[in-house]
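Order as written gives the chain letters A, B, C and D; numbering starts at 1 within each chain.
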Amino acid sequence: MKTQPLQTRISTFDETGATIRGKSLVDDLIGEVTFSQMIYLHILGTMPTPAQVRVLDAVLVTLVDHGVMASVASRLVYMSSPDAIQGAIAAGILGMGSQFGGVMEEIGRNLESIIAAQDPQGEATAIVARYRAARQPVPGFGHPHFRPEDPRSLKLLQVAEQAGLSGRFVSALHTLADAVDKALGKHVTINATAAIAALLGEIGVPGRIMRGFAAISRTPGIVGHLHEEQTHPAAYSIGMTAQEMVPYVGEVPPRK
Amino acid sequence: MKTQPLQTRISTFDETGATIRGKSLVDDLIGEVTFSQMIYLHILGTMPTPAQVRVLDAVLVTLVDHGVMASVASRLVYMSSPDAIQGAIAAGILGMGSQFGGVMEEIGRNLESIIAAQDPQGEATAIVARYRAARQPVPGFGHPHFRPEDPRSLKLLQVAEQAGLSGRFVSALHTLADAVDKALGKHVTINATAAIAALLGEIGVPGRIMRGFAAISRTPGIVGHLHEEQTHPAAYSIGMTAQEMVPYVGEVPPRK
Amino acid sequence: MKTQPLQTRISTFDETGATIRGKSLVDDLIGEVTFSQMIYLHILGTMPTPAQVRVLDAVLVTLVDHGVMASVASRLVYMSSPDAIQGAIAAGILGMGSQFGGVMEEIGRNLESIIAAQDPQGEATAIVARYRAARQPVPGFGHPHFRPEDPRSLKLLQVAEQAGLSGRFVSALHTLADAVDKALGKHVTINATAAIAALLGEIGVPGRIMRGFAAISRTPGIVGHLHEEQTHPAAYSIGMTAQEMVPYVGEVPPRK
Amino acid sequence: MKTQPLQTRISTFDETGATIRGKSLVDDLIGEVTFSQMIYLHILGTMPTPAQVRVLDAVLVTLVDHGVMASVASRLVYMSSPDAIQGAIAAGILGMGSQFGGVMEEIGRNLESIIAAQDPQGEATAIVARYRAARQPVPGFGHPHFRPEDPRSLKLLQVAEQAGLSGRFVSALHTLADAVDKALGKHVTINATAAIAALLGEIGVPGRIMRGFAAISRTPGIVGHLHEEQTHPAAYSIGMTAQEMVPYVGEVPPRK
């Protein structure tokens, strides 16, 4: 950390507006590339191919919305501070933690280790055995409602296939899925989180920043719910219901 | 608030995956629409026209990056909690407050009042007079570096023109710009924030949610800087420099 | 901003541990002062008198808890990221916005302007008239349940009285309350937020930082609820109930 | 999770104000207990003894301030949104992550496992061996500046001793310290984080919520720096310096 010189390869301001990843913001980017292309360029440093953009769009579209439940924290913060909507958005982003984004990263690491292994099947079997020994589910497999298949996963894998980007990560996912099915003696759903991790791997997103893509996708999802809250408020009713749902069962002070 | 029934028009889960704004997530959205189309559909409720998408892309691309300075808070939070990158992203979103997103909203409201006025020139003149009476700059005008024009604004307005979406909001912006120039007796730069507010107005984004679009755009910008921080850390050096830049000038306790 | 030299009067590290506000952290503060004394010293720069500490304690104690409703956003963020509890706490802090902390600041400013006025009664009458003209409630007055008096306000004002700190701010509060009652032709409750703003004013807290004291107080309140959530989780049930409470009423795509 | 009935033992609203942990907010708490007593009662459910309060105060006082560096993220968020100070406070809380609060929790768990062991020395030796095998420092030991002793740790342990609360956790800390010294063949500093974890253990705070106490303590620290930023702004200079410190070394687009 000490000896590495401080430097950025992302951007610099100049009299033309700004240079971002070697492109002129005004001449090469505004009006010239889509938001999805810009996202890929900014984070990964190169302009994506059309196939990579197609897969990225499919992933980002999948993760935008996750229902009213995922908007409750944001709606409540908005209610208490409608003049500072950035706080409500931030509260929603804070919900993209280990139980979701972290799972995606873990799947990404598992797929990477299968790809790197000389014996992919053996590695997949070992990974599954490790979770089972710890009595934990294998991340990316199983879904409470979608059985035998998660329709989102099927569509995502189809998009990758059609884009010609069904390569090592998708293959590793199938290898892992086979190991899961064999260990459990039945077919287990490949859920959307697993398909997304595989597709992000295919387009060159390292596991360590996958959670960032989930946040990029979820931000407009939160904004959509906040826009609805502005005209059809639900936060107060939800909060009051929560208050009533969780009764106080502690001691009561003696009346004086 | 009490009598309005609770309801959402955004989404519902079902056995096909999910329905979002009347579209099947799996059949109609994943792999079928771009992220930009999805953003518009989710927040505003209708599928955008190609022209609206073009303008939306131009706006979102413009706001992604704002240099290392805008990433410092995120980089510092990341350094202290690299396992919870959502916190670092949230810290960046919290910086999209009144001094930036709020200014955009204020410009949006000013343009709306010029559009609504019977005498647009008169209304623009009155708006400018109000800020000058309060000895405040007119939001959206002036830039420390870009004179006489902000190249980003020129490009953004050109994109709108080419998309056939240079309508009431762009016209109101020019009316307001003329009033500013007349009041100050010289030409004042129309800055990028003003051009963005006008373009968002053109594609149907209400002023009250404009700050949300700034957050959508900035999220990948933050993720890009955090991805760089993962391999080329700068946060510690920045923090130490800050510590040294701000010396303690308070009292010193007597030695015992 | 440019010409003022950068400097801090708060703290510096040194070989004795640290110096904070002119005190040795190790010799003068740890084990020597209470947390409440430290809070006052750190923020306001001087060691508080015993009377000031008593009033500060009363204020901070009052604001710690605000029921399950105020903990819902934190509990939901915790559920999604139990390994990063700081995110759940931050989400709770984000709820201390304009509708609560901001109201306290507004009351503080109103009391300051009554204190500064040559004719306090006239100023109070003018303030009340201004809110009534805008068809807004006078901040600090009225409560949905506590009538005719808020028992918390009575106790807080009693604490200040007993501490000998019932001075200009408490007096201004009563002047304002009289103006409210006269304007409405009936007695209106002085709510706890008003009493707290007056007491913080009495101990030298400027209006512009009052919201910070609310956050200080609320942080342990959030931590208490998160500690309960760790062993008696309620977040998932609340989230699912919210999902069911807000039904989807949008279009449904045709079945294919 | 499913079968446990929803319930809270924290608080309920009622016509007397509120009941918190079996106490009347108005009769038993406001003006009757200190903020530190209230913190302990709210989170842990029982009124602390005077000795427990003394130790809690010492811990909370220690963690309030951590210099300008720890305030940079908050100051920058404040600069961009001074009207929403809760966002700046939240950004500071987000910095209390795994590298600090998480370390405290890890120390707490290590001390708990030494206490629970039949052979404490053996367990301590095993813990140290585990970190050394992973080429990691033993959490809680070593400090870049304080050698051979951290003066804060000495004072904290002294406070616990004087309060009569130097029991199993402090003893486990010394056992662990001996094992560290033996393994490294020299004396290694017991840093303040270790002493704090031991003291929190002594007063009954479980490891899983220790990070919450760090956040409680840091909140006024952040508020203090924000109060200073309101009158002596440093954020802009820090941000500009950061921008200049990290030069752009990427490609430059050809001039057109």
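Note that a residue touches a chain if its C-beta (ideal position, glycine included) is under 8 Å from a C-beta of that chain, and two chains touch if they have at least 3 such contacts.
Every value quoted in this text rests on a predicted model; they were computed, and no experiment measured them.
The angle of the rotation carrying chain A onto chain D, fitted on C-alpha atoms and rounded to the nearest 5, is 180°.
Between the chain pairs B-C and A-C, more C-beta pairs are in contact across A-C. In this assembly, the C-alpha centroid of chain B lies 30 Å from the C-alpha centroid of chain C. Centroids of chain A and chain B (each the mean of its C-alpha atoms) stand 23 Å apart.
Averaged Cα coordinates give chain A a centre that lies 36 Å from the centre of chain C. Each of the following residues of chain B touches two or more other chains: 6-12, 27, 67-68, 81, 83-84, 86-87, 90-91, 94-98, 234, 237, 245-246. The touching residues of chain C, counted against chain A in their complex, run 67-69, 72-73, 76-77, 79-84, 87-88, 90-91, 94-100, 102, 234, 237-243, 245-246.
Across the interface of their complex, chain C is touched by residues 1, 4, 6-13, 15-18, 20, 25-26, 29-31, 33-36, 38-39, 42-44, 54, 56-58, 60-62, 64-65, 67-68, 83-87, 89-91, 93-98, 101, 145-146, 150-152, 154-156, 158-159, 162, 208-209, 211-213, 215-217, 219-221, 223-228, 230, 232-234, 236-237 of chain D. Residues of chain B touching chain C in their complex: 6-12, 19, 21-24, 27-28, 81, 83-84, 86-87, 90, 245-253, 256.
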